[in-house]
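You will see subunit A twice below: alongside subunit B first, and alongside subunit C after that.
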Partner chain A sequence: MSLVELQGIKKFFDDVRAVDGIELEIENGEFLVILGPSGCGKTTLMRMIAGLEKPTAGQIFIGGEDVTALPPRKRGVSMVFQSYALYPHMNVFNNIAFPLKAQSREKKYDKRAIRDKVENTARLLEIDMLLDRRPRQLSGGQRQRVAIARAMVTQPAVLLLDEPLSNLDAKLRANARDELKEFQRSSNITAVFVTHDQIEAMGLGDRIVVMSHGKIQQIGTPQLIYDDPANEFVATFLGSPSMNILRSDAFSFGFRPENFLPKTLADNPENSRIFHYYVKRVEYLGSDRLLYGYVHGHDNELTLAKVPSNVRVSLDVDCDYEFAVHNSDIKFFDKQSGQRIEEQNLQGVV
Partner chain B sequence: MASASDVLNPRRYFMDDRRFVGVMFLAPALLYILLLVGLPFLLAIAFGFSDVTVGNTELNFIGFDNFVAVWENDIFRQVFGNTVMFTLVSQVFILIFANILAIIFTQEFTGKWFARFIFILPWATPVSLAAIGWLWMFDTKYSPIDYLLLQTGFLGPKGILSNSRNLYWLANPVLSQISVIFVQVWRMTPLATVILMAGLSSIPTDILDQAEVDGSRFMRTLLQIKLPLILPIMVIALLFSMITMFGDMTVVYVLTRGGPVDYTRIIGLYSFQIGIEGGNLAQGAAMALFAFPLLLALALLMLRTASRAEVR
Partner chain C sequence: MALLIWILQNFWSLLVLSFATLVGLRIAYRFRKYGATRAELSHILRRSPFYLVVLIFCFFAAAPFMIMFLHSFKVDGDLYRRPQPFIYRQDPTLEHLESLFTNTAYLDFIRNSVVVGVAVVIITLILALPAAYALARLTGRWGERAGILMFLVYLVPPTLLFIPMFRIVVMLGLKDSPLALIVVYPSFTVPFSMWLLQGFFKAVPPELEEAALVDGYNRVEAFLRVVLPLSLPGIISTIVFTFTLTLHEFIYALVFITNTSRRTLSVGVPTELILGDVYFWQPLLAAALIIAIPVGFAYNLFLDSLVQGFTMGAVKG
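Here is the complex of A and B:
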């Protein structure tokens, strides 16, 4: 049995269907990322796992036990908020010790045990020299570590993280991402990480759950979700710049800008589809050239191409070129539902 | 239609002059403070160091003589003690009740709007009207409180509290003091509660959610998270009601006029009685000013504590 199981979870706020029928299993020791645009219900879903919100319908199991009606403290979960929510009037030691003290009656922690646990956790996160400081005396990165230490100190079954990296500046963020992943792997804790940042999701997740409008769009490894999107939403939500989508009479099809290359560069042109591409504008991005233009026959659908800079092909503005996409890199979608259509089902239409 | 001269000459109306409008906006508040606060305050200082009376309005500087005389006055010492005691005791109750009520009123329950409305009434009622209402409640013969106690067997021939049919609230030394403190607490708790409610609702919900996930229950969250976080605001609430209380004379003036003997006489009332009713302006002013350095020091100390406890 999975560590966490969500069955038919719904949450409505009056008329708003924040979470609308979620089925999800989270395995022990896995790093699961819930990815989606803001307002997609991902934070609400996490708050229901934590016990801060009651689902309108559905059941939540943690470790095989139905916890749907239980308060947070009986669920064995802990949480790191986006703001870190450190207690501003307590020093770092007391912040980390707070969950232990709050649960000391049930778990029989004495003062000594609390001190040992706090110090061990702090050492693990390399904040043991900060124990006397107040939160306002800490940097963003240090605050984040304190929040994680406080969440880890009770050795929870599940660690919930609500966009914990978004308050860090870009330079720190990459570093913190790396450390977080390393920490999760070494402690083997089950982590559920909510984010709207696809790079974070791709970098951290063992599996990614893509959500939109309260529903799961796709679950899978980062590679699966990127290479094999289940629908148009997932295809365009991941990737930067996002996938080009072109519409034809019967269906839509899409390909990623980095797979859209001059024909002369294609490995096997006989398995590729050739497009006449008019280049309107070129952006030089250092490692890549980003082309903006139009594919012949799709004059209203801006199409991007990302060509590595080390490819010495001259590409000029206001010129027509032949570009190619490998057949396997073209994805087909139903025009109405946006769902993926396998190519063999399109025989006769193409 | 805008003509060329309108565009070239934008200051056609005097209301377009920023400096003029700025002064106009500030003027009412400035005048109010200067004429009704600043001037009387300076006048009180001038009176306090002079020998002015209603009969002889000539100001002769006599140094600290008034203050020495006031301090050597046994009645004033008792009045000063009463004032400090009333203020401190009522603040303790106000803080306790205001905290409890603020916590109740920040929870969700049916009829909350109505309960809040009822509860804010004492604060919205003019002090003198409220005091007259309480004067009837504490009436020597027809006090409804006494009537209820009589019906429940606490008063009357075999009463537990007294054999008499009445307690004589405002005539008994201890009961009169309790009555005055009670009315002050009744009247000032709402303001303190409203201030504390604002403080409680300013605590970020993330912090409270975090406490809940950390396993904290109601009392722990209250004592270790909520109350410490609203401490600076509590100090402000305390400061407000202390200073109001210290300077107030209306409640005692209406209820007891300071009696029985001097048991409920406080500085505000006594200085009014000596200075205005008795005509000794200089002595009255000295009494009113007597506590000023103390209050100022107290206010500064509390504000410093508040800003130090400020956590964000």
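Here is the complex of A and C:
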């Protein structure tokens, strides 16, 4: 039995299908990332798990219990909001103690127990010296830790995080990502993390759920999703620069720019497909060279190649080269639905 | 007594003198702190036109109150002699102030006004707080429409309503009782306070309430523990505003209550101190001034949040 189970969850706002039939199981202790472009319904999905939105249809189970009709306070979940939503009129201590005080009505914590719990959680997140401050006196990173501490202090069954890193500057973000993952691993809490940032998703997630237009496109480990995308959307959404997609009369096919290399560099030329590649422009990115150009026979479809800089091959603008892609790195998609299909014959297409 | 008379007789010179002393003290303080450098002197010179303008506006704002204050102590002969003396020619007197408190029911008026005001404020808060919160969070088309509809009620003038209202008050058997005012005043204070409070509530991010919901509280608790404390300045200024609305309401108070000792300030003072075309100026001005001072203070304290409340309502519709 998985910890959280979503069955046929739908949410319509008037005519807009924000979430359209989600089936999802979240295992105990896993770090699940919901990834998708803005407006794909990922935040709405999380708010329904929290109980802040009511699904139009479907059922939500947490710990085997049907919580679809229960208010947030009876679900045993905690949430870290994008804006952190710290209470500005309370100091850090009272912010973290706030959910404990609510629980205390049933579990009867005395003042001391509350103080101990708050201080322990604060020490864990290294904010124990900030307990007397007000939220507005804290930096972005400190606020984020207070928000996590407030969500963690009651030891919830599920921790929901709604893009908690997006308000931090880039330098801080990498650091916070690392700490968050470490913290989740050591406390062994089940976390659901919503983001539109694929680097965050790949770095944090045990499993990633890719969403688009209110539907799940693919569920899997970061590697599976990257190497074996279920459809054209997942293939192009992940990866930077994104996968090259070329179309033929019967189907489309794609390959990642980093797998698109000069023929002389291909480690296994017999099993590779050779393309005639015209280079239009070269960008030098330090560790890589990014080439913009066209594959012969596909003059309207901009194709990118990412060649490591330490490879001493001269690649000049306005020249034709032979480039190779390993056969297993070419993915085929249905032209209408965009779904993955089995390998097709590329003879005569390029 | 002698001191008071001396102060009154030398009112203007004392005013100018105290102002000059304040300015002098400030200059002396800055000299001590920064030293009498050329920069400091030029700073004072540069700022002086600004302060002069401020001074003129202060005088405009304060002059009516000063004149009220000075006239309250004048004997009739001094008050009615033309041209009006700038300051007392005959000795100032306390007799008008005495007669205000002994010959009229002024203390009763104050008590009635405070009772009515406090009761109306409480009723208004009980009704307007939940209503304003609902309107602030009902973001759909209906919430906005309902809000505008309720505000329209405020725009119907009491001059149009006092006759039907009077019938209702008589039917309820409340004629001649301050209860009549307590029942009727919320009809205009509630819509107004609701509008004002709605702006303050809208300024509280909904995420804070959602956080409280997830943290284990129900909606009422979230409102009481998060939204209310955050909009406290707004609520206090709403209280001040509602109280003043009841304080200066005239027509209902005039019609519903005819018994002198049950009247409120706004009606009691003019009916007692204006007989036909005879104005008892000195007690009239004293009565108005005494009540204006605390209200003025209250307004000054909460002026900022009051202005904020109005503009928030305006911007967010």
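Keep in mind that, in the parts below, the second predicted complex is superposed on the first by the 343 of 350 C-alpha atoms of A that agree within 3 Å, B and C clash if a C-alpha of one lies under 4 Å from a C-alpha of the other, contacts with A are read in each partner's own complex, and residues count from 1 in each chain.
The criterion applied here is as follows: a contact is a pair of C-beta atoms (placed from the backbone, for glycine too) under 8 Å apart; a residue touches a chain by one contact, two chains touch by 3 or more.
Since we're looking at a predicted model, the values are computed, not measured.
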| item | value |
| --- | --- |
| Clash-or-fit label for the pair subunit B, subunit C on subunit A | clash |
| Which superposed partner A:Lys111 touches (first subunit B, second subunit C, both, neither) | neither |
| First, second, both or neither for A:Arg281, with subunit B first and subunit C second | neither |
| Contacts of A:Arg136 with subunit B and subunit C, given as first, second, both or neither | first |
| Partner chain in contact with A:Arg123 - subunit B first, subunit C second, else both or neither | neither |
| Subunit B and subunit C footprints on subunit A, overlapping residues | 50-52, 71-73, 77-79, 81-83, 85, 87-89, 98-99, 102-103, 150, 154 |
| Residues on subunit A engaged by subunit C in the complex (per definition of touch) | 50-52, 71-73, 77-79, 81-83, 85, 87-89, 98-99, 102-103, 150, 154 |
| Subunit A contact footprint on subunit C (complex, rising order) | 205, 207-208, 210-218, 221, 226, 229-230 |
| Residues of subunit B touching subunit A in the complex | 204, 206-207, 209-217, 220, 224-225, 228-229, 231, 309, 311-312 |
| Subunit B contact footprint on subunit A (complex, rising order) | 47, 50-52, 71-73, 77-79, 81-83, 85, 87-89, 98-99, 101-103, 134, 136, 150, 154 |
